[in-house]
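Shared between the two complexes below is subunit A, which has subunit B as its partner in the first and subunit C in the second.
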Partner chain A sequence: MAFDLENFLKSLQEAINYLPVTIKLTVVTFVFSLIIGSVIAIIRNYNIPLLSEFFAFFVTVYNGLPLMVALVIYNLLYMNYYSRIASFFHISKAISDISPIYVGYFALIMSSSCIYSETIRGALKSIDKLQYEAGYSIGLNKFQTLRRIIIPQLIPVALPGLTNNLVGTIKGSNLVSAIGILEVMGGAITPCAISYSYLEGYLAAAVVYWGFSAALEFLIKRGEHYGTRYRRSLA
Partner chain B sequence: MNEYFDSERFIEDIPKILPQLSVTFSIVGISIFLGTILGIIVAVLRIKNIPILHQILGIYISFMRGTPLLVQMMIAFYGIPLLIWNLFQININDWSPVVFVDIAFILNEGAFLGEIFRSSILAVDSIQTEAGYSIGMTKTQTFLRIVLPQSIRMILPSYGVDIIGVFQNTSLVFTVGGVLDIMGRAKTIGTATGHTLEAYLVVAFTFVIISLILRFVFYLINEKIRYESKIKVDKRKKHIENL
Partner chain C sequence: MIEITNLKKSFGKHEVLKDVSLKIKKGEVVTIIGPSGSGKTTFLRCINFLEKADDGKLTIGDISVDLKKTKKKEILNVRRKTAFVFQNYGLFSHKTAIQNVMEGLVVVKKIPRDEAKRIGENVLDWVGLLDKKDYYPSQLSGGQQQRVGIARAVALDPEVILFDEPTSALDPELVGETLDVIKKVAKKGITMVVVTHEMAFAEEVSNKVIFMDGGKVVEEGTPKEIFMRPKEERTKEFLSRFITKDMYYI
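On to the complex of A and B.
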């Protein structure tokens, strides 16, 4: 029983090979969740009847569901109902030809959308009502006010929260290994099955995740200067 | 082909799974209790800004925030026995895997709670500390009697969110072999009977309901401790009535 550097390097190599999968999972989830989350947040902010109540209920309940549980249930449903739905739509592809990564995307996007919508709604709440009124008073319509006045002020407020959420998405993306998708963690422990060097494998995965999220946080910190450029000129 | 989802099986699974909540709650309880102590220590040490220790704690927090909990749990599970063996020549491989899960959760919580505590302690105005000194209190007295009580009020909202997060994170512990929480129990029911969906749905409902209850409890606590905003509203009401 000892730490074996050779196995560690082998795992590290595998983990880096699978980094693109994790990046793809993170980026796709982030983009879609940001769009869906913003729509939910705006609907709830403007109190659109029925939709606003529905999303308030849905987000509250869905936030209580751990990603892992959701992922396992979606995967079971997908495995069982895919053939029926496919035959209904006359899709001739067999389930074995389709990567389970779409189930992973679905689960990740569902949970991230709910979390992001809360962050964006919090930022929207911090913007004074006067700003909307100022927009309307000079004859902008609702959409123009949102796009030209509210969103530019929203970005610097929401950015720290969204950075945390993005790191959370990176860390959450490793759960898809539970439904058989190989990403950084799954890749790092593949060589361990032969040598039983799981400690080295997981350490290698940790190093890659750590580097990735630290690099992202650094980049976003640099970006924050850009996002707050209107703010600083006022101060 | 028989029905995939069967409500009878769903009801049968409930009494099989719910007793395992005790494992889940023991992990949450231990990691919150010891994690809070560790968090306070981390926060105080970071605020004190002791040269080398400050950097070490910075790396510790960055690691805990930057890597997935699942990976941390596995490193604890495989790494701690190895470390103990190499240091003390004691074999702890036969210990229950729950112990290593607990350790991973405590270390993880220590980092997250440490950051929450640090920002809340720093948010208390330095005038308060000076006020403590001016009436002759020592540093410890000022911290314990003046600063800490005020920062607790700021900590509580994020503390509640954090506890719910820990509760939801326990859904990962079944991946460490041999830990039978509600998720692990659902998996064994699936292996034994071949019907997995109902068991996992029971788990999903359990998580959602308990998370909602916890959220509601913390909402009530937060409402209770918002003294100053209540006073303001009352004053404003009285002012309007007087007009």
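On to the complex of A and C.
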């Protein structure tokens, strides 16, 4: 089949129109998952009783659940039990009035939190125990040491992994199309039903996703230099 | 005055410290010597709770702590009265020399930033590193890093500074400059407990030398008593490698 530029551009336009949905999904997920992932990583790093064992088990098990399967399961459960949940919380809205995007957020945040927690945990492990001891020796408590000594050294180590995880989250957000949410890809292929130029549609989606990821990665790389001044040596 | 009584510490089944007691007067410089595995470093680390002792009592100045059950607040209080100089320097890698020295002053002692900077610069000057105050540890030599570590400890004005083999990680050329700074600290009248293998330094600077082996204090006394007239066989055996027969006198 010949490549139809006009239809490609039409799909590209529609895809960009739906980029805000993808951005929302990505950014909200990233922020929440970063917080939750950090908490999990810190709990496991400090070996807090009960909680660290629980999260170790939970993360290992949950990581095995593919995102699309999870999305579909959560969606089915949501639709089946919505009436019960609504009456419990005294919500008067009908299910059709609430956007299914919240199911999307839930699944993405659950999955990304586990992934980010492993990246952050790895970065935490890389920091020499001596740094903790040095902090304690001058009278800092655990929280002060974590905040002032450990986390600043953790960020440059975790950044490459987290950037990669962020791209993973962007790609994961694509899967919400399985539960009927229109995002970049959904938008890109809407005009294809008329013109039947599906290849152009999917290619347009690919270009937009790729552009978005590349732009974020570029921005993060610029920021990377900022926090790594101290790692340069004179030689 | 610092007093440790009946300190016991085991790592699992291995009893590392089997009832160690030590009394240190204000301004005293105490050196702990002994073979590897004797528990001297563990003992030092128990004083500021980098290791948690199993039993015993610790008194620093006006606070007294039961080592069997210590509360978090008590540990913090003890740590705020002590300072530690690590074998591997223990500088905060993401902070410059001056920031390293200021950290404890600003965050723990709540001294205002400007005054902390003044104190920090004074101490760095005193150890001979004022011109390197804005350098990161990665840009400093081992000896310089150790001197910053000593400056950091001195700036806190603690009741006692604990030194854990401060020159063991340095190459012979840098050992001298670091030892000179440690001697300066001693001359200043700061109470010090030093774990070291540098026998000549121990002899020159300490008021009291403790020889430890197998988790126990084998012998303690003045440097002359320990190095020239050791009483215990084990002490003599250990020192025979460092001190030749003709250094003994009755």
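Basically, the second predicted complex is superposed on the first by the 231 of 235 C-alpha atoms of A that agree within 3 Å, B and C clash if a C-alpha of one lies under 4 Å from a C-alpha of the other, contacts with A are read in each partner's own complex, and residues count from 1 in each chain.
Methods note: a contact is a pair of C-beta atoms (placed from the backbone, for glycine too) under 8 Å apart; a residue touches a chain by one contact, two chains touch by 3 or more.
A quick note: this is a predicted structure, and the numbers were derived from the prediction, not measured.
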Return first, second, both or neither, reflecting whether A:139 touches subunit B, subunit C, both chains, or no partner chain.
second
Would you check which partner chain A:178 touches, where first means subunit B only, second means subunit C only, and both and neither mean what they say?
first
Between subunit B (first) and subunit C (second), which, if any, makes contact with A:23: first, second, both or neither?
neither
Between subunit B and subunit C, whom does A:36 touch in the aligned arrangement: first, second, both, or neither?
neither
Taking the superposition on A as described, I'd like to know which of subunit B and subunit C A:3 touches: first, second, both or neither.
first
If we overlay the two complexes on their shared chain A, which of subunit B and subunit C does A:77 touch? Say first, second, both or neither.
first
Residue positions on subunit A within touch of subunit B in the complex are 1-3, 60-61, 63-70, 72-73, 76-77, 80-81, 167, 170-172, 174-175, 178, 185, 198-199, 202-203, 205-206, 209-210, 213-214, 217
What does subunit C use to touch subunit A in their complex?
48-50, 72, 76, 79-80, 82-84, 86, 88, 90-96, 103-104, 107-108, 136-139, 152, 156
Touching subunit C in the complex, subunit A uses residues 130-131, 133-141, 144, 148-149, 152-153, 229-234
For a test of understanding, state which residues of subunit B touch subunit A in their complex under the given definition.
4, 62-63, 65-72, 74-75, 78-79, 82, 85-86, 164, 168-169, 171-172, 175, 183, 196-197, 200-201, 203-204, 207-212, 215
